[in-house]
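Following are the structures in question.
Same chain, two partners: subunit A is paired with subunit B first, then with subunit C.
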Partner chain A sequence: MKQSIVRRILVVISLLLLLLVSVGGAIAQEPVTITWWTLASAESPEPAIRAVVEAFEAEHPNIKIDVTIMAESAYGDLMNTAIGAGEGAPDIAYFWEAPWLPHTLDITDHLEADPDLSRDDYFEEYFNNWAVWNDRVVGLPFTVGANFVMYNKDVFDEAGVDYPSADWTPWDYIEIAKALTDPDKRRWGGDRPRGPFRAVWRNIGATKPYSDDSTTVEGYINGEDSVAAYTWLWDLVDSGATPTPADIEVLGTEGTGPVDLFIAGRLGMATLNNGHMITAANAEVNFGIVPEPHVPGNERFVHAWALRASIWAGTEHPDEAYEFLSFWAGPEGQRINMEIGALMPSLPSVLEDYPDAEADYFQGFLGVLNATQTAEWRATHPCWRGAVIRAVSDAWDLIMLGEIERDEVQATLDGLVEPAQAALDECVPRLGG
Partner chain B sequence: MTAQERRDAKTGYLALSPWMAGFLVFYAFPILATLYFSFTQWTLVDRPVWIGLDNYIRMFTRDPLFVSSLKATTLFVALSLPLKLVLGLMLALLLNLKMPGMNVFRTVFFIPAVISGVAVSLMWIWFLQPDTGVVNTLLSYVGVQGPYWFWDLHWALPSVAIMSIWKVGGAAIIYLAGLQNIPAHLYEAAEIDGASKWRRFWRITLPLLTPTLFFQLIIELIDAFKIFTEAFVITKGGPLKATYFFLYYFYEEAFRNFNMGYASALALFLLVVIMSCTVFVYRTSGRWVYYEN
Partner chain C sequence: MRTEPEQAPAALSIQRQLRRSAARRRVIRAMGHVLVYALMISLALLFMLPIFWMASTSLKMPREIFAWPPEWIPSEPQWGNYAEAFGKYPLARYMLNSAILVIANIIGGLVSVPIIAYGFARFEFPFKHALFLLMLSTMMVPGHIKLIPLFWLYQKLGLVDTYWPLILPAFFGNPFFIFLMTQFIRTIPRDLDDAARIDGAGAWGILYRIIIPLSRPALTVVVVFTFVWVWNDFLEPIIFLRDWNSYPISVGLAFFQGRYSVEWHLFMGATLVSIIPILVVYFFAQRHLIGGLASIGIKG
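Let's turn to the complex of A and B:
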């Protein structure tokens, strides 16, 4: 009798266990949905985005990706609203604004535990500047972008000028630009930088517009090296070897550079980016690439950028979100975008398979990807872009307009210390420094 | 109140309710929220922090950009407003002529008023391009070296004002409606009395058009204070902040500098300025606006 009761109890327990396992299994198989907000572009067009989702879901049947492809004009507003509300933000998105960064998930542990991906897989400068913030890994760098000088070999040959080499100086740039300029052909030798404290500034030695601790402007914006850099700009504008801001505005491309003038042969040299590089290659322009000029003995900088692909800190599925992030911004996802779109991946092992990777100009482009980036400082000082640059833009405008003399550069910069300091003091408590 | 009056009132409120709901949700609430945010420091994505009057103190005591943007905007209003009012009226007088095919002209002149501001701005960049633009090319035919327009410190703001006449066709249509409301018998009587065309314009057309002029003045005044697109697309506030208009400053503070609290204070200040100007125009209208009835 007792044995029979024990047997029955065992059967009931076994059935219960079986039920639990099967229900548990069913729950475990319920797919998790990850929301993803993204943008379509020439580098990462919609078919590439859909292909990434399809490939990922095929590999991970337990994770579904709910992708929303947005217009760039709406993206910022929607992200601000969702992050500000504390709910409804996507699990995965580009987090490109400084105030969004505290709302990203720290993926340091996930990345360290990942057997298939590590920070060493990426270009070091891109990872350090676009994935790391306040010693936290806040995302993965998606794509690479950089500025460099493209020179039109036909224009150089016609003028009998030697091609520039990587060891050229900013003053060489002016001399070469003058030699290439031909008013009869409406041709300028080179273009002008598009803002202060970018690569040329740093290469001349003007390290930053204010102190690292974001407290002091005096001695930085009006320091010796900054004056040297602004004076170099004055010399360049005065040389008459560059197009005016009006020409660049009309013939440039969305404020990113006068690629049209360059392709038309009306500009011997231009500081452009890798998107322009492909445009020029497709237009069959005979061109080469060198890094922006620098002063021997100074560290060489490059103005470069990537998109920061991150996980929202409020995600309910951090593990699954990381699975997708590491796929999309890892080798598989970036390769899909490179093959379907025109993405230049931030992983050297994938970029080396780019269709034009063997071309001379592409090798020149690869040469700048490991240089120290201006973003190293800029990325951690949001007040430069947010407030201070506006306060100091008068010096830039005065030089561009030819409104000051060469010996007035120092005094002009001295005059900017007070408004720059005020802008910094107002901004740092808000955006950090 | 009788039962019928109560029923009428109920029907009236019912008919009014969709507009009221829209007003409360899309106007009253945002204005009140802006008022609240103007007393805070707020980056948009973090919680607003109450800072009392700090934003207003900064605005009125230690913000050079507030002063320069207000100055640029006031200058623009002073330049563009008379230009649009006078040219709009002149165009309306022309469009009021009885000529074959006039409806085509009316349509053609109205079209620019409905074209996107960004598209128009891009087009004007080309019009006023110093080297290859249409305007300077035409000027060169008569031996005049055109200025650098948007890229010249002294010409940038006038260029934006000149550009604003592009939309004058919209104003002309309103004037046209006013002109066509003027009774024809007044002109006939004046003509019989031997009044010249100029005298008829001064004594009949202009006085009877003053209600339209009054309406147009208020609309154009508000529109001029809200100048933004041209600065955003063409000049980026430059050169040397010559076109750094108030709304452009507001935009930069709110969406580039993530200073939504301060931007809210700026927005409210602009509201007060526009409202004050409107009230001033309204109060003085009794002296110059003539209503036939």
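Let's turn to the complex of A and C:
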């Protein structure tokens, strides 16, 4: 009798356990939805985005991706609103603005535990400068971008000028630009830089606007190398071989570079990027690529960037979000975007399979990827973009508008030391050195 | 005293002088007309220039767009640009979405604005002037400031990624339209209200039988302005909509502005098509619109 009761109890318990396991199993199989905000672009068009979602969901049936595809011009407003509201931000998005960084999830542990992906899979400088913030891994670098000089071979041939080579100097640039300029055809030889202390500045003399420890402006912004770089800019503007700021404002494209003027054959050379390179190739422009000019013997710098693909710190599903992030910004996702769109992946192992890898322009682009990035210093000195650049903008504007003489460059820069130092001193406690 | 034959030449001379001066006046008036028309035609052509550039660009290849000298009429028009633009993004769907939003907002405006304006114009109630000022003061608040609280609110209500955040506000009255309509209703003689009241009409009857029919110019302004504002609205749709197929045309056009370049030839083609509904509405409503604005300006 007793045995029978015990047996019955055991049967009931077994049944209950079975029920619990089956219910638990059903709950575990309930798919998790990850929200993802992204942009449709030539590099990563809508079909490529859909293909990434489809491929990921096929591999991970327990994770659903709710994707929002938006226009570039809409993205910043939407992210600012969602982050400002404190809720409604996506699990995964590009967190490219510095103020958004504190809202990213630290994925250092996830990446270290990942058997299929590591930081070594990416271009080292791109990973260090765009995925790491305050010694934390806050995202994965999606795609690579870099500036270089594109030259229109037809314009060079017509003017009888030799194509530039990688060992050219900033002063060669001015001379070539002058030789290509033809006012009758409304054609300029080359464009102007879009800001100080980018590649040419660093290439002239490793120039920095202030000391590495973010304490001193004197001797940097007005130092010998800086004066040489600003004087080079003065010479370029004075040559008349470049469009004026007004020309660029009217005829330029979205502030990223005068690619339309270049495509139209009205600019012999232009400092553009790999996105523009694809645009020019699609427009069947006969062009070549060289790194930005530098001074022989000096280290060569490149102005480069990546899109920081990150997880929102407020996500309720960090593990599933990482699963998707590592797929999208990992080899599979970037390969899909490269094959369907025109993405330049940030993983060398994928980039080497680029469909147009044999083209001269692509080889030229590869040549600039390994130079030291200006972002190396910029990323660790947020006060440059955050405050000091505004304090020194007078020199830039005065030269761009032709308002000062060549021998006034030094005095103009001397006059900026005090406001720049004040801006730096105010900023460092706020944003760090 | 002058004789008859002496008077006749003088009268004839005066008549001739009068005729000459009348002819001179006619010539001057005609010349004035010619000048005015020439000026107006010149200005019209000048204002049409951007639209002409848009049409011209929409038929060019990318390398021709900024070429010098500019080619106003492309030698080989690329009609395929239109097909490419509409094939690349679901622009027809986006135009339909815009039309839905426009119609819903117009209905909202036509329902709410007359009722609220009628209240302010015809009734006395506590704090009426303070409430009117409060309503007017909301016009001074920049739209961007309201975005985060609105986003938070609609997120809490579960209305993000629906059309409700873009439609609901219209049903609570736009302060600018309420102000316009209130001023307009104040110009309608109260005697008409009294006559209707004697005939047995209540407040609602007066509104729908007297005020609204007489407010057609002001209501036209509400309709046309709502149409243009909602059709062109970009910021709110990008904040509240998520679904690829639910965007309005204003957002759809922005897809042609990429991270590094603008597909001008496709962008201009799509934009040209997208402004056709606005031109059509303006064409049919311009008389009422100008009349409506003028009457509000004079009588208000």
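Simple rule for what comes next: the second predicted complex is superposed on the first by the 401 of 433 C-alpha atoms of A that agree within 3 Å, B and C clash if a C-alpha of one lies under 4 Å from a C-alpha of the other, contacts with A are read in each partner's own complex, and residues count from 1 in each chain.
One rule holds in what follows: a residue touches a chain if its C-beta (ideal position, glycine included) is under 8 Å from a C-beta of that chain, and two chains touch if they have at least 3 such contacts.
As the structure is a prediction and not an experimental result, all values here were calculated from the model.
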One more residue to check, A:40. First (subunit B), second (subunit C), both or neither? second
Kindly classify A:72 by the partners it touches after superposition: subunit B alone (first), subunit C alone (second), both, or neither? second
Touch test for A:419: subunit B only (first), subunit C only (second), both, or neither? first
Which partner does A:386 reach: the first (subunit B), the second (subunit C), both, or neither? first
Examine A:266 and indicate which partner it touches, taking first as subunit B and second as subunit C; both and neither are also allowed. second
First (subunit B), second (subunit C), both or neither: which does A:283 touch? second
Which of subunit B and subunit C A:244 touches, first, second, both or neither: first
With the two complexes superposed on chain A, say which partner A:84 touches: subunit B (first), subunit C (second), both, or neither. both
Should A:403 be classified as contacting the first partner (subunit B), the second (subunit C), both, or neither? first
Any idea whether subunit B or subunit C touches more of subunit A? C
Per the definitions at the top, what is the overlap between the subunit A residues touching subunit B and those touching subunit C? 84
Of all residues in subunit A, those that touch subunit B in their complex: 76, 80, 83-84, 97-100, 102-103, 244-247, 249-250, 385-387, 390-391, 393-394, 397-398, 400-401, 403, 419, 422, 426-427, 429-431
Show which residues of subunit B lie in contact with subunit A when the two form their complex. 41, 43-46, 58, 62, 64-65, 125-126, 129-132, 148-153, 234, 238-241, 252, 255-259
Subunit C partner, complex, touching residues on subunit A are 39-43, 46, 68-74, 77-78, 81-82, 84-88, 185-187, 251, 253-254, 256-257, 259-261, 263-266, 273, 275-276, 279, 282-285
Okay, in this complex, where on subunit C does subunit A touch? 61-68, 89, 147-149, 151-152, 155, 160, 234-235, 238-239, 242-244, 251, 254-255, 257-262, 264
